[in-house]
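The two complexes that follow have chain A in common; it is paired with chain B in the first and with chain C in the second.
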Partner chain A sequence: MKNDIPLFLLNTPSSHPPKRGGGKINISYIDKSIESFAGILKESYIQWESASKTGFFHELDTRIKVVFWLFLIVIISLKKELLPELGIFITVFTLVVLSRINLVKFYKKIFLLGFIFGFLISFPSSLNVITHGEVLFPIITLSKPYDFWGYHIPEVIGFTGEGFSVVAMLTLRVLNSLSISFLILYTTPFPEIIKALKVLKVPDTFLIIISLAYKYIFIFARIVVDMHLAKKNRLVSAVKSAEARNWVAGRIAFIFRKTQLKCDDVFKAMVGRGFSGKIKLYQYQKIMGRDWIVGFFLFTLGLLFLWV
Partner chain B sequence: MHIPDGYLSPQTFVPLYGASFVFWAVALKKLKKELSAKYIPYLAMAAAFSFLIMMFNVPIPGGTTGHAVGAGIIAILLGPWAAVLAVSVVLIIQAIVFGDGGITAIGANCFNMAVVMPFVSYWVFKLVKGNAKGGARFYAAAFLAGWIGLSVASVAAGFEFGIQPMIASGPDGKPLYAPYPLSIAVPAMAIEHMLVFGIVEGMVTALILKYFVKHESELVYATKEA
Partner chain C sequence: MEIFTVEGAYYTYYNKFPAVVDVSLGIRKGEKFAVIGSNGSGKSTILQILAGLLFPSQGKVFFYDYELSEESLKERDFLRSFRERVGFVFQDSDIQLFCPTVMDELLFGPLQLGMEKSEALERVSEIMQMLKIENLRNRPSYMLSGGEKKRVALGSILTMNPEVLLLDEPTSGLDPKTQVFLLELILALNEAGKTIVIATHDLSLVDEFQFKVAVLSEEHRIEKIGNAEEILKDEDLLLSVNLIHEHIHYHGQTAHTHIHSHYLFHKH
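This part shows the complex of A and B:
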């Protein structure tokens, strides 16, 4: 007897992932995209949740935090010795502890990023091929030194003390910059950070564009996750590569169209609320006495690091 | 290609902030004139779109997936000046919220990915496509726009890294910032971007443009212009 059950439902499902090749592609691109977009949503939620708690840095005026953050970032990039960088690391660590941030989660992320962008990128420079100096750990000995196309390969290739010091310096700089940046982010809501940039004379127009973009990134990211989940739910096997590419391009076009429609809606809403083209963000309240004292202490500490 | 904090000396990141600032000011002025008061939501939505386009994993021939920087396709879709601001906003958000790229390096990253890349991609596209409105030449132009745009931006980043040992070394000759000289930094950045990431960028640019031209051709800035 003929039934109306679609053919794909009658096939025995395979526990193995679809193979590549033959013009077909597995559906990993959907999973990867879901992971990317869900990662943004997750990260913003963690930051928002952490920023809404109470702690030493949470309660500090955002303007003081933002100016201290940028001040310290500049000091970190100016310092050329390991000792002040270590001092900065310990200072930020103390601020993280005082702010009652989960140390394991916080430093897990910092060390991972620091390892990739600080250590891994700079590590090859510890070889005497790049940083000259006394070889502490030889790894290869050639029959003779080589010179070609302006490159010099010494007879003994190995790690130098000077090279290790460069790697340590760059890794510490990256770790310090990330630590202070994430400390601010985990203790301050992002819109507040953007608003506080007003004290640095960043134009209101630019700040409002960043704030609006940030808000809509999450709204559209949610839509994209839903589109991918819906697609994944409808797929039962590998799809043709060209078909998959066409689908992704279609979703990008859909998001583009959606952003354009939203642009019109937002503009109409702005006009409806009396927008005449002039942008003015509201000023903050006055900075409290406690914030001035903490701010003074932090900036003195910063100056100390600058001077050391 | 996001440069982290600590790799560029102040002698490099301060002028690059200045250069980016000039492009931001001109772009803002141009768009304000073109779109009147609507430029604010327009740029915000363009930035949101630019951010999202970078997150899509696109299946590419060969069975793997990749994602693009997207500055090239954004310049073709929205115009190079809108791309300057949209991609810059994205890079600023990425640096502050996700730690992708340093705070001191925002100027440099914006210069490479939000100024150099959109303009190179846009002009390569215009130059190669000529009067073509479709067909092989048109899509080859889109591929080359993405590929060359990213490659040139990577060379710019490599150059910024490579000059550090020359302009910022200790008295003993020890590099204080990015340690690789021009002879290593530029080829390293150029080769990996020309052979791997640039090809993915080119494919993604051509793929997205192909869809737009087929279904939403009226939305493409680069084909609207005479």
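This part shows the complex of A and C:
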């Protein structure tokens, strides 16, 4: 074998010691995007870890949690008064505290998303141009009111009390929907949530498709991260954006091929285990007494909000 | 002269699963070094730390006298001199092969180093001859068998002529003929002066090539560092790290139990 080794491999690659300096290399946006794939994997573990802890809501039967979630989302959308929305907010907050979830981490995400998708989006409706009412804080005074295309621009433009109520209402609705959804995600492993959708009469075939898709997102995210490391290992300088885009395009094609192959393999594995066109999933155990009691209490509370 | 020095390194995946716990080791220039341990003990993570692909959350890693860190590998000159000296062959060849054809794959490294195209082509041709893959020149990587992929993956690193070869489970999933070919090649490269570092749980490899060995426990710590003979004789150590086990089997009609490593301690 030694005689077959090319001469260049017998030479020391560089007689100079490793050098430092030479200026910094900027991390490309593609590198950053791939790093965020690693973030997906990390997030999934954090979700799984947090959902596997013990706590009040963690221990509740997933079917009750899923039905309660749907019930509460409907109530949140139906109610048009601030009081029941505030009540729902306090209820979910209490459940979060009882479930011993880190309040700062939990509400940091919710308030950020609530601010963007609730407050910022609805904020313009606090102006009397959109929501009519008594102007509390005038901002512009025009020489006269204008009417065009069916729109009325009043002489004094400003924030109205009614407008503030609308903004508060919409923001609270978003915050409440996010809090209950995140509470479920923080206290229930994702596969359990998918399985619990059975109570909502979601077909088994659809559930198995969601499970497989969820699983393979992580498998392929890991492959993408590994491919990135393999490439990084062979790069000696920064890569031009065009080259990086080419690489990404090539890798997308590779992932697509790999997906097709995996799809064939999964199908063969299913056939090998008796699959003949109809999927039958494992049925849940009976709901325990404690779960019925907690479920009854939660649904009564929901009805109370609906009635108020 | 130590080419790699690891001092008290820790690495944790997703801030939850420890992969490397308080690992310290030194690898000398021209050495054959094996990191052995059972599945999930952290062998691959240690190799990726040495390759500057992962960075320990605690502790330090040095390449010669230079610290390997995310910051130092952003320095243009250091990145270049490090990557041209250290080649990493992944366990899964699929993720390593990303060019359209085998030829492009082998040319990628030399072209990155700024080599003249004629010289790069000459290198590629010699490597293809050595690895016996000339017939695969224009084939895309997805049309190769497992053994062929492994040869191409190794070739793609060798065309850069690295000083150190980091090989993660180099023989896993290969047929016996390809395994022998690859191992003879690795040995010849070491005799030619390359530093070889492998991660494996195959004790026959360690014995055959008389590596210097670092044994990882299932708690991701280094249990012992020593020469192959010393490590392979220590049955208690190998049992405790799950690299050998007791098993029952039949000789004719008689069943008996003994320590079993799938290679060395299969004594009767």
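Assorted remarks:
Everything that follows uses one rule, which is that the second predicted complex is superposed on the first by the 255 of 308 C-alpha atoms of A that agree within 3 Å, B and C clash if a C-alpha of one lies under 4 Å from a C-alpha of the other, contacts with A are read in each partner's own complex, and residues count from 1 in each chain.
As a convention for this text, a residue touches a chain if its C-beta (ideal position, glycine included) is under 8 Å from a C-beta of that chain, and two chains touch if they have at least 3 such contacts.
Keep in mind that this is a model prediction, so the values were computed, not measured.
In the superposition on chain A, A:Thr54 makes contact with neither chain B nor chain C.
Residue contacts after overlaying the shared chain place A:Gly250 against chain B and chain C alike. Once the two complexes are overlaid on the shared chain, A:Lys42 sits against chain C while remaining clear of chain B.
Once the two complexes are laid over each other on the shared chain, residue contacts for A:Val174 go to chain B alone; chain C is not touched. Of the two partner chains placed by superposition, only chain B is touched by A:Ser241; chain C is not. In the overlay built on the shared chain, the residue A:Met227 is in contact with chain C alone; chain B does not reach it.
By the touch criterion defined above, A:Leu185 lies against chain B but remains apart from chain C after alignment on the C-alpha atoms of chain A. Comparing chain B with chain C, more residues of chain A are touched by B. Note: residues 20-21, 25, 250-251, 257 of chain A belong to the chain B contact set and to the chain C contact set alike, using the contact criterion stated above.
Residues of chain C touching chain A in their complex: 14-16, 48, 51, 53, 63-64, 66, 72, 74-85, 87-88, 90, 92, 94-96, 98-100, 108-109, 112-113, 123, 126-127, 129-130, 142, 156-158, 160-163, 184-185, 187-189, 191-194. Against chain B, the residues of chain A that register as touching in their complex are 20-21, 25, 28-29, 32-33, 36-37, 40, 43-44, 47, 69-70, 73-74, 76-78, 80, 109, 113, 117-118, 121-122, 125, 130-133, 150-151, 162-163, 165-166, 169-170, 173-174, 177-178, 181-182, 185, 190, 193, 205-206, 208-210, 212-214, 216-217, 220-221, 224, 241, 244-246, 248-253, 255-257, 259-260, 262-264, 266-267, 270-271, 275-277, 279. Contacts from chain A toward chain C in the complex involve residues 1-2, 4-6, 8-14, 16-25, 27, 41-42, 45-46, 49, 223, 226-227, 229-238, 247, 250-251, 254, 257-258.
The touching residues of chain B, when paired with chain A in their complex, are 4-10, 13, 24, 28, 36-38, 40-49, 51-53, 55-61, 63, 65, 67, 77, 85, 89-90, 92-93, 96-99, 102-104, 170, 172-177, 179-181, 183-184, 207-208, 210-212, 215-216, 219.
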